[in-house]
Amino acid sequence: MINKRVLNPAEAVADIADGSSIMIGGFGEAGSPIELIHALIDQGASDLTVISNNTGSGEVGLAALLKERRVTKVICSFPKTLNSTVFPELYREGFTELELVPQGTLAERIRAGGAGVPAFYTPTAVGTPLAEGKEFREFNGRDYLLEHGLAADYSLIKGLAADSHGNLLYNKTARNFAPIMAMAADVTIVQAASVLEPGEIDPEIVVTPGIFVDRVVEVADPAYESELIAAGVSYP
Amino acid sequence: MTQQTQVTGWTREEMAQRLAQDIANGSYVNLGIGIPELVAKFVPEGRTFIYHTENGLLGMGPSPAEGEADPELINAGKRHVTANPGSAYFHHADSFAMIRGGHLDLSVLGAMQIAQNGDLANWSTGKPGAIPAVGGAMDLVAGVKQVFVITQHCTKTGDAKLVESCSYPLTGRGVVDRVYTNLAVIDVTPDGFQVVELCPGVEFETVQELTGAPLRSASE
Amino acid sequence: MINKRVLNPAEAVADIADGSSIMIGGFGEAGSPIELIHALIDQGASDLTVISNNTGSGEVGLAALLKERRVTKVICSFPKTLNSTVFPELYREGFTELELVPQGTLAERIRAGGAGVPAFYTPTAVGTPLAEGKEFREFNGRDYLLEHGLAADYSLIKGLAADSHGNLLYNKTARNFAPIMAMAADVTIVQAASVLEPGEIDPEIVVTPGIFVDRVVEVADPAYESELIAAGVSYP
Amino acid sequence: MTQQTQVTGWTREEMAQRLAQDIANGSYVNLGIGIPELVAKFVPEGRTFIYHTENGLLGMGPSPAEGEADPELINAGKRHVTANPGSAYFHHADSFAMIRGGHLDLSVLGAMQIAQNGDLANWSTGKPGAIPAVGGAMDLVAGVKQVFVITQHCTKTGDAKLVESCSYPLTGRGVVDRVYTNLAVIDVTPDGFQVVELCPGVEFETVQELTGAPLRSASE
């Protein structure tokens, strides 16, 4: 029997060590695995590298992890949002390093990392400051940049439904980076609003096949950043 | 060029409406944040545009009715949206495969500067201490078939946005096809900026005065 | 209104010119768009380059197109199957050229062609005859080959259901190459067992978004290679 | 080595059963066509293996009952199969992302030749006039975490399959971890072939005689 369920978020993230690289799903609050991030805050790991499209809002979820000074590097495309004050301070102070990557290049690098492709060429960012120091090459008369696959020790992602084999469904635009991050980590940890038995998800509609998932934890009623911020929550 | 010439020209809505006239029926369109979003309000009679938002939705619809927002159904500007009949959700790598692979017909973006060779700067002033953030802009201009910029002709301080060459960091090199401002519709051609249409009541010379590079008039 | 329906297979393939490159979906008979291929045989285009995993069986579908001497090059991973006699003869005769590509490299090249990635590196085939003449590069101490994206003028694929915007669902392992071929062609032509109205397919379960599809034609009761062969059919 | 030594050893089923003992519970496994397919019949009590077939199914089940075959539910050998509860369908690029990305635990393949450095030849004799066909074999050996070969120890004509270096075109370089033959279980180590286990009743010297490269015995 195969059963990837774990009891709670704390157990799901228990083994994450200092210095780990962690992909965190979400685009803004959509798809952000807040309960897993909060469990990671409680757990204490530090000196983390976080790969995520944004850097969180307010002082909950990813922003709270940053505020606790646990993240020394972020790889991201858009580290400022409304209500985003935590990252700018850490960045200016020099505590948290930033690797800025165009959004599509970030997505493709993560997919490549999961697909065993060490590097690929892309037209994105040619002629811009984000191309500085990168290798160029011409194909069919057009310039392209060499970009490298990106993998991580862990991925923390949020699903709508999972089964105990790790097959996943998502909710609307909360899907965003989760399916590719699931591919690109040694250990992929999922919080899902419901965890079902094998056979309860139609194999035709599975978005992330279970092979990419290591642990699933049921978080039946996940919080949203905007709700927590509106309620004045600051984690922990 | 920093002189404050008294011209207002088209409103933001009129600029968006003018741009919408140039989009063919059935086009797949990505609208940037700000003025570009207004384009969706002015779809010409008899045409349908399908909106792509790079965070994973094709067939994006308008804002939801009061109380019907799903925090996980948002656009690239992180605003609540809806999904039209015939829409599809997908992940980020697939979304940017659509962009990079040339499957979208049109990207409409704002701008800080547009150079006469089509260079675009719209993501960073390059000022020290600013938090750099790029999002999907570089991917859009590199991949989408046509790139339209919609912007005020000048900055709030009266500086030209259409220039000989960009002083701000580039988003892309030679990527802009056409610019819609409050004063004119201007093509980027191999010979530089070419006025396609002037806002009624606005003189060519006025537009030239407010532009940091030579303009060719519509009749040239 | 957007309506990508066309009346019948003949109309769907009418504009395919001599010398075109055509991706054809299917793995064996699963997903093979037989009715579109037969329409292409009737239509008459020749000197075609076909990109497909196999080369067909018996004298129906893709094998029949080959037998009519309309294909001068195939790019494929496995050009021999049970009941596959047509291609071997054309290959030995020198009429049809073969570019043999490992199956995963073929899939990734097609995806890259559709995703605007001109080239990528892969570990597959390093040290084998299929690496001959290819560029090598080391990443992290391992050798990789440079492989190029693959695009085509047309893709002919088979779906289970489509809507008039071109959104597609597939049947089981008939999915195989179809979603990536849909991405990689200038014109993607789909035969589907049913063509529905927009909104009749849940946006969460769409496999191929309509942006990748140009024409859909309803073929309500598609034939299978094995059935046609068992019935002694030789097309045309 | 072309001498016909009279040993039979394990049957194909016994070879498959022996190999199945070495697969951990919960493994994701790709079984090649032929003897490898037999492994699925010998899953040890208390273990579950999840089968990947590269044409787009994870969670492949056994052949369907008579009359229940779907011509579009097949395995990589193009035989009718079923889908177990908890399975998933996906397209070819995703399927080979699983393979190339190192997500599968084990690939079980047949072989024409295995060299003492782990080189594998199993796709072509390289004979002129033969139709070359490679399928997914090169991807599997390049990407899957562990590669087990299951094969008769010698060819039908009595030639050694385990050799110093392959004379046939390679499928992959240094990729084989372990070989299961009718006579023995043999690891590929940095020092060459290492016998792990002999088929009961088969002498080490016999196996060595039928092998085209030096063997180290189990006790070494």
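Which chain is which? They are A, B, C and D, in the order written, and residues in each are numbered from 1.
Going forward, a contact is a pair of C-beta atoms (placed from the backbone, for glycine too) under 8 Å apart; a residue touches a chain by one contact, two chains touch by 3 or more.
Predicted, not measured: the structure shown is a model, and the values here were computed from it.
Using the contact threshold fixed earlier, the set of chains in contact with both chain C and chain D is A.
More C-beta pairs in contact connect the chains of A-B than those of the other pair, out of B-C and A-B. The chain with its Cα centroid farthest from the Cα centroid of chain B is D.
If you average the Cα atoms of chain B and of chain D, the two centres end up 56 Å apart. In this assembly, the C-alpha centroid of chain A lies 34 Å from the C-alpha centroid of chain C.
Per-chain CA centroids place chain A at a distance of 29 Å from chain B.
Residues of chain A in contact with two or more other chains: 108, 111, 115-117, 122-123, 170, 172, 204.
Counting only residues that touch two or more partner chains, chain D has 57, 83, 89-90, 93, 96, 99-100, 143. The full set of touching chain pairs reads A-B, A-C, A-D, B-C, C-D. Put simply, chain C touches chain D in their complex at residues 27-31, 53, 77-82, 87-88, 91-92, 98, 100-108, 110-111, 122-130, 170-180, 207, 224, 226-227. Chain contact summary for the complex, chain B toward chain A: residues 53-57, 70-74, 78, 83, 89-93, 95-96, 99-100, 119, 124, 126, 129, 131-139, 142-143, 169-174.
Across the complex, chain A is touched by residues 25-26, 28, 48, 50, 52, 57-59, 83-90, 93-94, 96-104, 143 of chain D. Taken in their complex, chain A has these residues touching chain D: 1-2, 111, 113-117, 163-165, 167, 183, 197-199, 201, 203-204, 206, 209-212. On chain C, the positions that touch chain A within their shared complex are 108, 112, 115-123, 137, 139-140, 142, 144, 148, 169-170, 172, 204-205.
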